[in-house]
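Letters A, B, C and D name the chains as they come in the text, with residue numbers starting at 1 for each one.
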Amino acid sequence: MKALDEVSLEVPRGRVTLLIGPNGSGKTTLINVISGVLRPDGGTIIFEGLDITRLSSHERSKLGIVRSFQIPRLFQNLSVMENAIVGRDGNPGESVARSLFKRLWVEFEKKAFLDALGKLEFVGLKGLSERRPGELSGGQMKLLEISRTLMPMNPKLVLTDEPVAGVNPVLAHEILAFIKNVAVEFGVTFLIVEHRLDVAVEYADYAYAMHLGKVIAEGEPRKVLEDPKVIESYLGM
Amino acid sequence: MASLIARYPRLQSLLIVVIAAATIILALPLLGLTITDVFSIAIILIVVLALNFMAGYAGIPNFGMALFVYIGAFALAGVGTRVALALVELTSPGFIELLRSSYPLILGDSSSFEVFVRVAGDPMVNRIVTRKVESVIEASSILSLTLTLAVFGFAIIAGALTGVLASLAAVRLREDYLAIVLLAFSELMVSVVFDQTDALAGGPNGAWVVRPWPRVGALEGLAGLLGTIPDVLISLAVGLAVLAACFIYVERMANSPMGRMLRAMRDDDLTIRVYGRDVAVTRLKVMAIGAAMASIAGAIYATVYIQVKAADTYDRVTWTFVPWAMMILGGMANNWGAVLGGIIVYLGRKAIYYYAPAIASVISPILGVEASIAGDILRAQLPNILVGVLIILVLYLRPQGIIPEKPSKTLSRREIEAIT
Amino acid sequence: MVEYMLSVSNLNAGYGKFHIVFDASFNVAEREILTVVGPNGSGKSTLLKALFGLATIYSGSVIFKGSNITGYPPHVKARIGLAYLPQTDNVFAELSVRENIIMASYTLDENEARDRIEEVLSVYPILKQRLDYKAKSLSGGERQILALAMTLIRRPELIMLDEPTANLAPLIARDLIKKIVQLRDELKKTVILVEQNARAALEVGDKALLMVSGKIAYEGPAGALLKDVELGKRYLGLR
Amino acid sequence: MVLPSPEFTIYSIAYGSSLALLCLGLTLTYMTAKVPNFAHGTLAILGSAITLILIDRVYYQFKGEPLYYSIYIVAPLVAFLIVGLTALIQYLLILKPLAKRGVGVIGLMIATLAFDVILVNMLTMALYLAPSAYFGKLIGQSLKGFDAGISILGVVTTFSRIVMPFVAVALAITLHLFLTRTKFGIAMRASIENPSLARTLGIDVDKVYMVSWFLAGGLAGVSGSFLSFIIESVKPAAGSLVIVSIFAGSILGGLGSIYGALIGGFLVGFMEPMTTITLQNTLTALLGKAVIITQYQRLFSLLVVIVVLLLAPQGLTGLNYRGIIGRARRVGGVG
């Protein structure tokens, strides 16, 4: 069986696009294919007019495609601040020679620091920036990971796998509102896989529904959710 | 015991402090430490700092440190001796001919090329020629300076290359494979390739080195003032200077974005890939730098311990295992910790060495062995056993070591305050 | 007061710091199928795992046949008559069917084990023909039957099944659902069935829970939920 | 090419058989603790040392008598028990508590190395200090002279070399039967594959792992006991070289399959001396003067480690044979 079967979809720039579907419908596989973790058997992936189908994972990351994980993968021995700031790539201080001369990277570092601080403040983690991830709550870990996905020099497309799973309803709304806000303010494109439809539907601009490896509906999120085909796919036989 | 510690976490630190204090007190009789002790500490600290850079920061389980240290010693024993002979022959042609006529029985039927091979490969030739060469080199500051540059240049380049080669096969794989490959490569290079091949640097008999220190300018003047400066003092000065340089280097690296990225890579190499960093290339760079540092340490070490035997002197316990113990005790990913751990373990081993005969005199009647024999054996084995026990205890009681890891201080408090 | 097989009140559960199930309360009577439905991510599986002791319970209580078993570890729960069938990795793939069944009867003495293996094989004759095949060579449906058989060997009273039909072809899934009804009707077991395949599961359930976003959105007869015209919207949490 | 003599081939088979047992043990412990045991080579040397002590204290008196042949049963048995217990102690006292405290892979690996250093140095101390009845001192003694000679079909060899392969095959078959025919053996495979499922079925996974470690140590003891007659001398420090060949065989076998370990171990152990001697004889014949390269024999193991990790890190058992054959066909088809 194919996990993905002739899937075609377009993700609008600067918007929050929701990807839904029952278990095994191929959503995570799609995220893996877009982020370069898996190779497709056929078809093409065009990112900003560029065919990226054959690029490796870290090359795609350089183009501005970032992803988060279902269970946050944080660096356990780095502080919250360090976890955020390490998301910024292209730091001249990460060369074995230049790292020794502070004046070569201090300006970049200051900017990155301010940026990270701003993101942490935005998600309410500023006061915890010296802590280790192990001291955070589950929701805070999610927030930290999402703010880290916004740290690369030029994040263009952020793929997030269940950003609000395991998060209490109040915080879930906050996280998605934050994502929406970033999309509007910074023009970052989001593609979100999320099962908490009741929450997610309020913040998405567009939605795709998948079932058995195919796209079965797309459009305005509420309409997609009310599409009989989509409901059927969830309810089963 | 364990539950007691769980209830009072402070007890852990207290226990460590008590153990450390006891070690130092036991070491007190040794406080008339000789210069060679200070020298040895300086050398081992360079190795520990290099290891901490590779393992503590970058998460490369380098179980093959001994090889990289040996490469530096080989730079003197295998390369330096021959370079020295070449230098002498070039500046005063006929030197080899002179040697041949002076030692007809040993060198009479050797071609010039064979002399070059045998000068480091044949213990007897090595013995007589190195001293003769040394006396010529010593007399000329240009020659000795050239030799120094050649030897240390080789040590750095060969060390870095060996570091890359040793890790190449597993640099993309999990850390346990990396550990296996580094251990296997190091063991076989030291104990089989170098120890079994006379032509490289004397095989099991080892080779004597030509001491390379230049007697230039100021030093010559000083020598005039103080009489002759013993070589060991120069080695000590160089060792301390290199130690300081290495410390500044790794500490700067640690407190730069590079150090932070290395620690992130160590914690989760998949995630750092998603953020656009090339893990394999970074690991290779770290291997090259760390191995080169260890190699320099080995080269300086060989200027004092001038008979270089591969498997005998550059064994895995002294040069791989003990540095690991020092790093784990002091605290991984903390350079001050590495230095502190290095000093404590060195003194501790020295103290056991010191007290071994006393212990031996107690147990030898029970075993029916001569006290002096028992003493020698205890001296050789007991420090290693206790280091092994120490590693396991530290991992159990205080895995973060005496001084735990701290965030990379890329910006100072003042700089942060200024921008916020 | 009615004596329930299982009685859960105000259960809050999750994994470590991830709070997933909020204030769940419900009862299961003896020889009843309780169907738990809801979209993925709604906390159904976590609820089941919490009941069996595999997820963290923050607060609330779980009463099994009158005794409070909230904090019992899984292996104790297994011994007192609860069984849990995980969604994946529920058989030893590298072991043969026979070996899998032997492992399921590990704690029993030899004669008893033989009898029960005999018994289970007579309930599921398909396994008899596959005894010497490795479990990884079985089809998805056969694998689930093997897992079910392994659970039954310990003669549990309450069987908790986590999405047994996931990734099965529709016909085979229907067949498996029949086997679950058989658990109640012929083997007199109590079943908690977590299913994403809502229609099919509700058809066979006596009672149903609908979970949305970690909370119980409906508790009552399964038939009533099935007939609910707004089921679809309720299911997706849109109403 | 000059092929090795039958005598040498028998030696290589014996060596390969003993390495197969060592790789089997290493893989068994790797699958349970998820960490390579860097002390496994020294465990084998411990088996050799036990044999040495038995000969020194008891068996030297019987040399040449029929009773002497019982050494080939007694020594491996005693080694099996003592080395098995040593490995069990290593697991219970070091690896299990450290893993429970959340020490990571690197910490666990250095802990096995620490145990190795403790073991090597204790053994060295013991061999220096223990009173010796026959040898005078035990350290560095060779047992080659204590291996009974035997001639089969005109091939002169020694008793240990003939017995070792049979012992290895017998042990492998016994282990296979244990793992497939006994309830506990099946539980062992089950616990290795899926410990959490095994636990829910009431299997005492801890006990199973303890037995794995005891068995792994025991097999290393048996192997070391026979190796003691083959190796030049019994030196504790040799463990750090033996371990390289053990890793080579285990990695070739895939580090995840005990059958792979048996095959990988035998292949590396058999090929290592055979390749070396063939190369040496060939070079000698070509150059017309004696070339000696046997001292580099173990480089073969390093080469195996490097080549396998570069080309197929999953080892023999992890290879996708269908894929390779498919690719070969496709390439063939195009060509």
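To be clear about the criterion, a residue touches a chain if its C-beta (ideal position, glycine included) is under 8 Å from a C-beta of that chain, and two chains touch if they have at least 3 such contacts.
Because the structure is a prediction, the values reported are computed rather than measured.
K.L.:
Quick check on the contact graph: shortest path length from chain A to chain B, in steps?
P.N.:
Counted as steps through touching chains, the separation is 1.
K.L.:
Closest chain to the overall C-alpha centroid, by per-chain C-alpha centroid: which is it?
P.N.:
Answer by centroid distance: D.
K.L.:
If I count C-beta pairs in contact for every pair of chains, which pair wins?
P.N.:
B-D
K.L.:
Whole-Å distance, chain B centre to chain D centre, using C-alpha means?
P.N.:
Here the centre of chain D sits 32 Å away from the centre of chain B.
K.L.:
Whole-Å distance, chain A centre to chain D centre, using C-alpha means?
P.N.:
49
K.L.:
So how far apart, in whole Å, are chain B and chain C when each is placed at the average of its C-alpha atoms?
P.N.:
Taking the mean C-alpha position of each chain, the two centres sit 60 Å apart.
K.L.:
For chain C versus chain D, what separation do you get between their C-alpha means, in angstrom?
P.N.:
46
K.L.:
On chain C, where are the residues touching two or more other chains?
P.N.:
Nothing qualifies.
K.L.:
Going by the touch rule set out above, which residues of chain D reach two or more other chains?
P.N.:
Answer for chain D, listing residues that touch two or more other chains: there are none.
K.L.:
How is the touch graph of the chains shaped: line, ring, star, complete or other?
P.N.:
ring
K.L.:
For this structure, give each pair of chains that are touching.
P.N.:
Here the touching chain pairs work out to A-B, A-C, B-D, C-D.
K.L.:
Under the touch definition given earlier, write down the residues of chain B that touch chain D in their complex.
P.N.:
Touch list, chain B to chain D: 55, 59, 61, 63, 169-170, 173, 175-177, 179-181, 183-185, 187-188, 191-193, 196, 316-317, 321, 324-325, 328, 367-369, 373-374, 377-378, 380-382, 384-385, 387-389, 391-392, 395-396, 399.
K.L.:
Quick one: which bits of chain C touch chain D in the complex? Just the residue numbers, please.
P.N.:
74-75, 78-79, 84, 86, 89-95, 99, 102-104, 106-107, 150
K.L.:
Going by the contact rule at the top, pick out the chain D residues touching chain B in the complex.
P.N.:
Residue positions touching the partner: 35-36, 38, 94, 97-98, 101, 103, 105-107, 109-111, 113-115, 117-118, 120-122, 124-125, 128-131, 240-241, 243-244, 247-248, 251, 295-296, 298-299, 301-302, 305-306, 309-310, 313.
K.L.:
Can you list the residues on chain C that touch chain A in the complex?
P.N.:
For this pair, the touching residues of chain C are 14-20, 22, 39-42, 163, 166-167, 170, 173-174, 195-201, 212-213, 231-233, 235-238.
K.L.:
Which positions of chain B touch chain A when the two form their complex?
P.N.:
249, 252-253, 256-261, 263-264, 266-268, 270-278, 285-286, 289, 333, 405, 407-408, 410-411, 415-416, 419-420
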